[in-house]
Amino acid sequence: MKKLAVLTSGGDAPGMNAAIRAVVRRGIEQGLDVYGVYNGYEGLLEGHIEQMQLGSVGDIIHRGGTMLRTSRSERFKTEEGQQQGIEQLEKLGIEGLVVIGGDGSFQGAKKLGKKGLPVIGIPGTIDNDIAGTEYSIGFSTAVSTAVEAIDKIRDTAYSHEKTTIVEVMGRGAGDIALWAGLCAGAESILIPETPYHIEDIIERMKRGRERGKMHNIIVVAEGVCKAEEISEEIKKRIQLETRVMVLGYLQRGGNPSVYDRMIGSQMGAKAVDLLIEGQHGCMIAVTSGKVIAKSFEQAEKEKHEIDMSLYQLARSLSI
Amino acid sequence: MKKLAVLTSGGDAPGMNAAIRAVVRRGIEQGLDVYGVYNGYEGLLEGHIEQMQLGSVGDIIHRGGTMLRTSRSERFKTEEGQQQGIEQLEKLGIEGLVVIGGDGSFQGAKKLGKKGLPVIGIPGTIDNDIAGTEYSIGFSTAVSTAVEAIDKIRDTAYSHEKTTIVEVMGRGAGDIALWAGLCAGAESILIPETPYHIEDIIERMKRGRERGKMHNIIVVAEGVCKAEEISEEIKKRIQLETRVMVLGYLQRGGNPSVYDRMIGSQMGAKAVDLLIEGQHGCMIAVTSGKVIAKSFEQAEKEKHEIDMSLYQLARSLSI
Amino acid sequence: MKKLAVLTSGGDAPGMNAAIRAVVRRGIEQGLDVYGVYNGYEGLLEGHIEQMQLGSVGDIIHRGGTMLRTSRSERFKTEEGQQQGIEQLEKLGIEGLVVIGGDGSFQGAKKLGKKGLPVIGIPGTIDNDIAGTEYSIGFSTAVSTAVEAIDKIRDTAYSHEKTTIVEVMGRGAGDIALWAGLCAGAESILIPETPYHIEDIIERMKRGRERGKMHNIIVVAEGVCKAEEISEEIKKRIQLETRVMVLGYLQRGGNPSVYDRMIGSQMGAKAVDLLIEGQHGCMIAVTSGKVIAKSFEQAEKEKHEIDMSLYQLARSLSI
Amino acid sequence: MKKLAVLTSGGDAPGMNAAIRAVVRRGIEQGLDVYGVYNGYEGLLEGHIEQMQLGSVGDIIHRGGTMLRTSRSERFKTEEGQQQGIEQLEKLGIEGLVVIGGDGSFQGAKKLGKKGLPVIGIPGTIDNDIAGTEYSIGFSTAVSTAVEAIDKIRDTAYSHEKTTIVEVMGRGAGDIALWAGLCAGAESILIPETPYHIEDIIERMKRGRERGKMHNIIVVAEGVCKAEEISEEIKKRIQLETRVMVLGYLQRGGNPSVYDRMIGSQMGAKAVDLLIEGQHGCMIAVTSGKVIAKSFEQAEKEKHEIDMSLYQLARSLSI
């Protein structure tokens, strides 16, 4: 292995820059030439590839987003697109590729792998919903951003004695909602993994009001329904005006948390070490709190599952 | 003057606590008894009034919202409601009232004044749209919150090369949009005070793209239209996907900025000093950068006007 | 078990409030009476104990410090002091105690345990140096605070092309220095666990300067030496003025990170569950990323050790 | 006027980037070529000058420090150094210079002006101590940073019932101490403009303790004495341990506040407009809250004076 490349793909996540920096610096430290592919798979097939120096990744560990930019590429889903990507790498003599992204990005990585390119995947997505790993880069920052927003909303909710329904990201996985809700002390948390009962939500609001707590926070994952719908349901049943806050893209932004910087750094360096050792066709994963390698096949068998004990804990602490 | 009271009314604004603290502490320092009215005018007519001590306002200067809570009261708009409010104060021997709020709250204050109660208004609203003053408590914090949010969004906008349309508060006044847009380096700013031209917005987007800037920020005041509408218009004309972010109640929350703490403190103390001197029927205002008293009559004549030179400056700096 | 109490002891750490809240709420949910002991062991022997309600711990999960306050008690180190503590608890019929604190606090807890009181320890200290657990409440927030401070310093360091030496907490353990240094991209990190070589630090500074990076960050744990001493050594050898920044108590403050809120919540609830099940004489620990119970005896055997692979990683990424 | 240049000099201050951006963009908008001088006067005489494009100042309005870097130059204090600076500008055909910095930097600017170069000064220093203007770029951010730090310290001070003495910047002027102290609710504020009495400080500590407030914040400007000295004095007199926190360079860092971004933008644009109109030999100042031009001669007559009414207000509110 003399030359390797790194790209980010799919939705951007804070901490991706730490991983890019680690790939570049560990690679150079180990005597390799390291290339950055801009704009994800789309940039790969177009040959938007540049050699990186130590200084290319200076001053980025603390910035959100991804300095290599990212995209969703339809063209790369075709056999032809993948072949074109391989050729762009061959032209530069690049013998290995690190792909930072989510499940969709790993599908692309595996296809490149089948064509003979040594590939390593690094899980990066704020949703934390990637199969085979306890943690994906960006989750901690996204939760922090959501919690900070709810901390802010609480002041004004208190002042007006209003219930606020906060909609957070998470189409298939309720992890952001569950963590943000528990850490912000929300009264109710709605996640796609388990049905909600409007009576239960209202019961909790009432219980709070009985002990003098007039302002409530309800956190709902976008995968459950729109916050607006919960607001309507509450209004219909108890004639109470609520406020709705959709956090949206805010959750993707912001300076990465220390955890995302740390995990991103560890994963990036690990990916390079594996490629040098000749290991590939695998992703970097967090398992039992440790950063390890796991084959794509193994990872696929381990569907991401939310920790329902945290859901019970949240209910228990917001009685 | 032996006893005075303070209340907050209308929308809450960060910095109101600094003003409450200043009223209470300056009052006590000057030998007065100071009372807090909870829940605005609604609490006033219900007699939700408590005597405040030095310690009652400890540890609040740095918190958002208002510790006295606030409300919008329909009952208080009636002659009967106002009379009831006066009686509640008389019952406790309270001889003066400080009202912290916006234009609507000042209408109530003036009615109490006409009934013989010495009243002082302190301008508090994040919109900065109160007649007669250059500044209202809460504006600086609201702008900071909006700018911090846009700073966060910028990272992810860069990563995806997307244009983001950010909707901020401001129904009648574009001050938040203008300040936030200028300070966040937005490419276009839409305010209710002047018409916008979609061609101009698109022209600016194109100009940025020509020099390699693929991500844009457009800030739109809610008084102009929904951010979603601008998104649709852009899509219709240049087939470009944009992202929409509605900041909403986030802008009301958060720890008050130093400026809001400072102005809140100055205004609160000034209100007490005026009541002691026997001056009333006026509001505290910022004029030429100084905190002064201004009669309600005088203030009404000075309609709030946005500083259009800032609008020109913003356009000039985002070419 | 009908009644239990909770106290915080030693240095305060962000996230202690989340643990207190969890003890109180889980306890009440499980039908217990829960008491809060104010001012740590000093308050215990003085009987500064109050029954807590659900609302007593409302609105605290997001605040730093500890609402129960804390202290270091000389009196409690005596046999007499401990007996007095036991008696205060017996007077109220309290049958179990949760102690949140560091190694010193656990010594006290074990002594109470020997006198027959069911006791559970929860590790809380920003230094993360408690034997038997991978994580102690407060560490994540302290590192975040340090990293945010270094992020700020970087701007001014760049502007002046100066090297800044940042002194962080950590007398015996370099964990804060190591995490903060790695996550802030520091060029050199000095920890008590391994000797430093001034030549190596200077070599790294020079290497950065050769590739155009004129500003450096050096992070030093207080257990190594004062930042000022490193500054002097550098000046003596290469006549370069450096800047010194001692973060100090700033690192104890601040709103708890999401991780500290989460771990605090999990540990607090777990402690109550154990007491109810009749388990005690143990601490709550994080092992392989999971929150578990571990006997004090077992914990003592597992001396806290820093992860030296992170030290190598940091060196590798700041070449 | 066809070509102008801009430099930053002296201590860096957050918001300088907004001013640089405004000079560059307004200049280009008005059809001028704009040059950036790197490293202040030192870079000027060495000819470290580059032409700026619209994109050169993209993505900097929200960053602290100064992208042009800054320095203190001994060489430029000599007649020869100044002549060399003039020649470097003449070589490139540059006909006007904008200097962003403090009093010392303006001395240099005036000397260049006497040699025939049209020069405009923009006040930039976190100390807010420049003669002739109510405001200097960077002050608002520095105060915010100090206040945020004190907000953090308050949590841990509460937990330990300790008095904390916070040393902030300000050798000759107490503005940062006064604003930070007032806005953070400090019990005592020590500024160079007025003597302090240790008895008064202790009296205030006692008064707080009597009403149950066991933790105090004392803010001291570095121009008064070291925080450590106050700590010693208190210990000597009332045997109470206090904590000391020196904020140091932290105060120079951080993202600029909205006010610094706004004032920086206004001042930068104004400087360009003046040069085009043929006005020079003046500084941009804030007077009665407005951004205006003021001749260096006029400015010198108006010594900076702290607003002692704020000092009285602070005392009044922290009784």
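All chains are identified by letter, namely A, B, C and D, in their written order; residue positions are counted from 1 within each chain.
One rule holds in what follows: contacts are C-beta pairs under 8 Å (C-beta built on N, C-alpha and C of every residue); 3 or more make two chains touch, one makes a residue touch a chain.
These numbers come from a predicted model, not from an experiment.
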Reference chain C; chain at largest CA-centroid distance: B
Intercentroid distance (Cα basis), chain C paired with chain B, Å: 40
Distance from the mean Cα position of chain D to that of chain C, given in whole angstrom: 36
Multi-partner residues of chain B (at least 2 other chains): 151, 154
Interchain pairs in contact, sorted by label: A-B, A-C, B-D, C-D
Residues on chain D engaged by chain C in the complex (per definition of touch): 8, 12, 14, 63-66, 69-71, 145, 149, 151-156, 158-161, 164, 243-246, 248-250, 252-254
Residues of chain B defined as touching chain D within the complex: 18, 21-22, 25-26, 28-29, 53-55, 58-59, 61-62, 134, 140, 143-144, 147, 151, 154, 179-180, 182-185, 211-213, 255, 257-259, 261-262, 265-266, 269, 286, 288-290, 310, 313, 316-319
